[in-house]
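In what follows, structures are represented as structure tokens.
Next come two complexes, and both contain subunit A; in the first it sits with subunit B, in the second with subunit C.
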Partner chain A sequence: MSENAAKIRTVLKEHARLNRDADTLSDDSDLYQAGMTSHASVNVMLALEGEFDIEFPDHMLKRSVFESVGAIVSAIDELTEGR
Partner chain B sequence: MNTMSINVADQRTVAPPAEAGFFSGPGSRARFGWLHRTSLPSTGVGLIIVPPFGYEAVCAQRSMRHLAEAAAHAGITAVRVDLDGSGNSAGDDLDPDRVDGWLASIDDACELALGAGANRLVLVGVRLGATLATLAALRRNDIAGIVAIATVPSGKALLREGRILQMTLGLTPAPAASAALDDVHELVGFALTAQTREALSQIDLLKLTQAPATAMLLLDRDDLAANDAWAAHLRSLGAKVDQRRLPGYVDMVLDPHRAQVPQAIIDATVRFAATRPASTRHLFQHDVAVLERRRELRHAEASIVEEMVALDDCLFAIATYPLGAPRRAVILLNAGAVGHIGPNRLHVILARQLAAAGDLVLCLDVSGIGDSRQRAGAGENVVYSEHAVADVGVAVDWVRRAGAAQVAVVGLCSGAYHALRAALAGQPIDRVVAINPLTFHYKPGMSLDFADFRLAEDAMRYQKSITSGASWQKLLRGKVDLARVARVFLYRTRAAITRPLREVLRRLHVPFGDDLGSELDALAGHGIALRFIFAADDPGQKVLMEQGGSVVPKLVSTGRLRIQTISGADHTFTARWTHPILLDAISEALER
Partner chain C sequence: MTTRSAIKTSTLLAQTAAIASDVAARHAADVDSKSRFPQETFDALRQARLLSAAVPAAYGGVGAGMLELGAQCAALAQGCGSSGMVLAMHHIQVACMARHGRDSAFFERYLRENLVERQELVASITSENGTFGDTRSSVCAIAIDKDRMSLEKDATTVSYGAHADAQLVTCRRTADAAASDQVLVLFEKGSYTLAQTGTWDTLGMRGTCSPGAKFAGNGAAGQILPGSFADSSAQTMVPYSHILWSALWSGIAADAIGRAAAFVRAGARKNPGSVPPNAIRLARAHVELQAMRNNWEACAIEFDEMTASDDQAARETLGTMGWALKMNQLKMACSEVAPRLCHEALQIIGIMGYKNDSPFSVGRHYRDVLSAALMVSNERIAAKSASMLLVFKDD
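Right, the complex of A and B next:
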């Protein structure tokens, strides 16, 4: 598991209110089907911004970007590329 | 002026409670609120409770009431306010000058608290409410303290959070033909116009140039970074700031049936308010001898009246009615644990529309929900309460005594269930409009995991997935919960097998338990018009067709039961483009 993926799972554990342990989800498991509500996903996004010191641009503010660990990793890799 | 044509006043048979609703503000712009008087020796403190915006306010309504009650029990006079254009106040989100209107609402509440005997004022706000409380305090010079809960000091950041939330809902976009307003951003069923967004984006509490109050309690969320910069800024302006991170905000704004009252936040707020030192300034004390319980307003070029009514010692409702004799009564029931304003405030809009057309409309909170007390021994916020049917009966009796010859009961989700159950209980109801019912036979404690609507929902989803390549790939990768698929298939197969047997028993008039078909038949036989409205993807219609069996098409063919389906809507009609469609559907269901 990459360092980013591990950090993301920690954020999910604290904010996503999943109905199962975030560590048991595969990278493409649907987080919304795993119990993450829309309100919880906002908290996840804000926590990710704090954790990675980033700001998701408007074009990334959509459901699909936050629907799985893998999708979040891709978005964060894109935003932190070149650091 | 006494233009009231229905016999409301004579029906107030109970003593006014410690808390009382009121209308304030200019005549054409009534603002609704609640005054919670203390029965203890007063501390002299008036606590003005400023709610968050939109859906957050809907979710936090119960917590705001608990806060007011806790304050009253600590010797504090508390005022809850529906900000201008929200809740039961006049106007709506699309009106101009929202921020000014909201601040004026807080001013009204301050004056009312002073009029009720308070000699110093504390403002408490949640999220946008905290921002507004801060700005309102800057306009006055008599605010002894502010409690700011889960504040987002930057208006731009607050708007951005709203935008994120709206996008994650994944709502069906408006069809091209619908009249969407270009400058409106939706926020979970509510709206922010370009003017409102511009006004909010100008707000930055980190740039205040004077302290809004000498003492401030910042109650930050415990799950995100604290507002340290704002706290430091306020201290630099000379405010005495107590900053804490407390749990409770996230659970307070869960969906209303899941929302939890944040006791730690309430306790801290009340302690802070109760210990504000007395002001050295002389404040005039007035006495509010009479709270305005009714207001006349103009809607669709008609004059109508809104009045808060106590139906008994538990039940609260807002009655909206025309100046002339009403043609019929329409009772609107809670959708789940959403208060009497209805999902997305649709009950307020519908009530005003119908009253302007001549109806007496009762927006009811059943016991234990919204602003109605729970019955003795019953729990609070229980959606499928065993008392709900009797509560509907009290409301039906009230509107009958008010002169309504015809009575329709309208409800969404659990409201639909209670409307049908009340009719089945023999209450004198002429028409039921059931919107998105999820169950027809609720059993206390029933598991929702394998409830009929959940099974129907899963079956609908699996059916769609059959043609999806991604779903098959997921299956092949072992990412599908096959155990659940198997259980759903098993339950559905069992239901399919027993369905013909139930049809035979029904035709032989052999009674069996939970027979929706016979129940619908009986209601229709009593002349009760049955009208169903479903969001196309909601599972309730499938449940109705399966459990109602052959009775449903039979009643449809004779017009005694009608079904309308609305495509693209979610369970609670969150997307604003669906609102007029739903309102039209309800109006049609009430007429035809």
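Right, the complex of A and C next:
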């Protein structure tokens, strides 16, 4: 598991209000099907912005970007590329 | 795609406006006082084949876009607010099926045969005891057994359910699915029961006949709309709801202001040469009415332009937080300004507007639009917007 994926799982545990342990989810498991509501997803976004010191641009603020651990890893990679 | 200028020559709109004044307006007071379904309006719409306005031309419908549908709902609401609301809700359901049922043999047949050929009316059941008004969560779950399915739902409000030919119902995808993991399922008349659990004796929108009801239905598994409700909600149900509702509220407000204007003109004719004092108030009300119309029309035009040029890209955009905020803002703005405009109309007209049996009466208009801030509570919408604005940058 990459370092980012581990950090993301920690954020999910605290804020996504999933109906199962985030560590048991595979990288492509659907977080919404695991119980994350759109309200909870905002808290996840906020926590990720704080954790990774990033800002998600508006065009990334959509369901598909936050639908799985893998999708979030890609989004964060994109925003932190070249740091 | 119909443009703002082409709307003026729309046959759909001309036919609807005629029904609004000749039928809907004539029965509006009776519909309101008896809290009964506006049957005459819907018989007329069915006869003119206008109930399939939102069905794409490929299935034999009119294929009207958001702007034209909004104008249609507004025109009908000028005659009778409840009629406008029922038509808007029907279009919302139809749009969900037309935009998300494209790859389904069942829904393609349903659009062609039931909605176009037979001009059927579709209601929806999105409310439920235990979800506290959150349409994006369900308690009930669909039970699937091979190619059959069944569902039971305890709904808090079902608009015109008893008068519809089908119900489009939200529920959880499976018995162990999360509350927000929902699907839409269509049930046809004859395959469900709807046992009324409450009454519908309300301040306004009395003709929508929306009491609570216990629903139980069954059908083929193919009646489950493909995809998830998360997508059909964001891409279709929310934009159609908030834009068409805003449009019909503007129609109600326009009729109230229209009555005030007629009252002011009548006064002015008695004393040419001086502008009556209440005309100033009318001028100010028109500022808000214009802003209200422009607000929903701009959103409708944006929706039509997006979906006409590249529907796949449009679906992406409709799923963004930016669009969700725009819809929330439209809904809040129009639902708050409509009662204010009715209030202004009442102040301009005075006692003749307060009387229920006067040609200048605006009581029904006022009571009808008071529902606007409550149907999907503005408090809930503001809270959702507030939460989204914590991460949205408007960049």
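As a convention for this text, the second predicted complex is superposed on the first by the 83 of 83 C-alpha atoms of A that agree within 3 Å, B and C clash if a C-alpha of one lies under 4 Å from a C-alpha of the other, contacts with A are read in each partner's own complex, and residues count from 1 in each chain.
Here, a residue touches a chain if its C-beta (ideal position, glycine included) is under 8 Å from a C-beta of that chain, and two chains touch if they have at least 3 such contacts.
Quick caveat, the model's predicted, so the values are computed rather than measured.
*Asks:* Fit or clash for subunit B plus subunit C once both are placed on subunit A?
*Replies:* Overlaying the two complexes on subunit A (C-alpha atoms) leaves subunit C and subunit B clashing.
*Asks:* Contact-wise, after the overlay, does A:N19 reach subunit B, subunit C, both or neither (first, second, both, neither)?
*Replies:* Touch status of A:N19: second partner only.
*Asks:* On the A-aligned overlay, A:F66 touches which partner chain: subunit B = first, subunit C = second, or both, or neither?
*Replies:* first
*Asks:* Once chain A of both complexes is superposed, is A:P57 in touch with subunit B (first), subunit C (second), both, or neither?
*Replies:* Once the two structures are laid over each other on A, A:P57 reaches subunit C alone.
*Asks:* Quick one: is A:R83 in contact with subunit B, with subunit C, with both, or with neither? Answer first, second, both or neither.
*Replies:* In the superposition, A:R83 touches no partner, neither subunit B nor subunit C.
*Asks:* Of the two partner chains, subunit B (first) and subunit C (second), which one does A:S29 touch, if any: first, second, both, or neither?
*Replies:* first
*Asks:* Does subunit B (first) or subunit C (second) touch A:M45, or do both, or does neither?
*Replies:* both
*Asks:* Mind checking 187-195, 205-213, 259-267 or 277-285? I need the stretch of subunit B that runs into subunit C in the superposition.
*Replies:* The overlap with subunit C comes from subunit B residues 187-195.
*Asks:* Under the contact rule defined above, give the subunit A residues that sit at the interface with subunit B and also at the interface with subunit C.
*Replies:* Residues common to the subunit A contacts of subunit C and of subunit B are 37-39, 42, 45-46, 56, 58, 61-63, listed in rising order.
*Asks:* Could you pull out which subunit A residues touch subunit B in their complex?
*Replies:* It comes out as residues 14-15, 26, 28-29, 37-39, 41-43, 45-47, 50, 56, 58, 61-63, 66.
*Asks:* Which residues of subunit A touch subunit C once you look at their complex with the stated criterion?
*Replies:* Answer in residue numbers: 19, 32-39, 42, 45-46, 49, 55-59, 61-64.
*Asks:* Can you list the residues on subunit B that touch subunit A in the complex?
*Replies:* Per the stated touch rule, the residues are 161, 163-165, 167-170, 188, 223-225, 250, 253-255, 479.
*Asks:* Going by the contact rule set out above, which residues of subunit C touch subunit A in the complex?
*Replies:* 136-137, 177-181, 230, 234, 316, 319-322, 384, 387-388, 390-395
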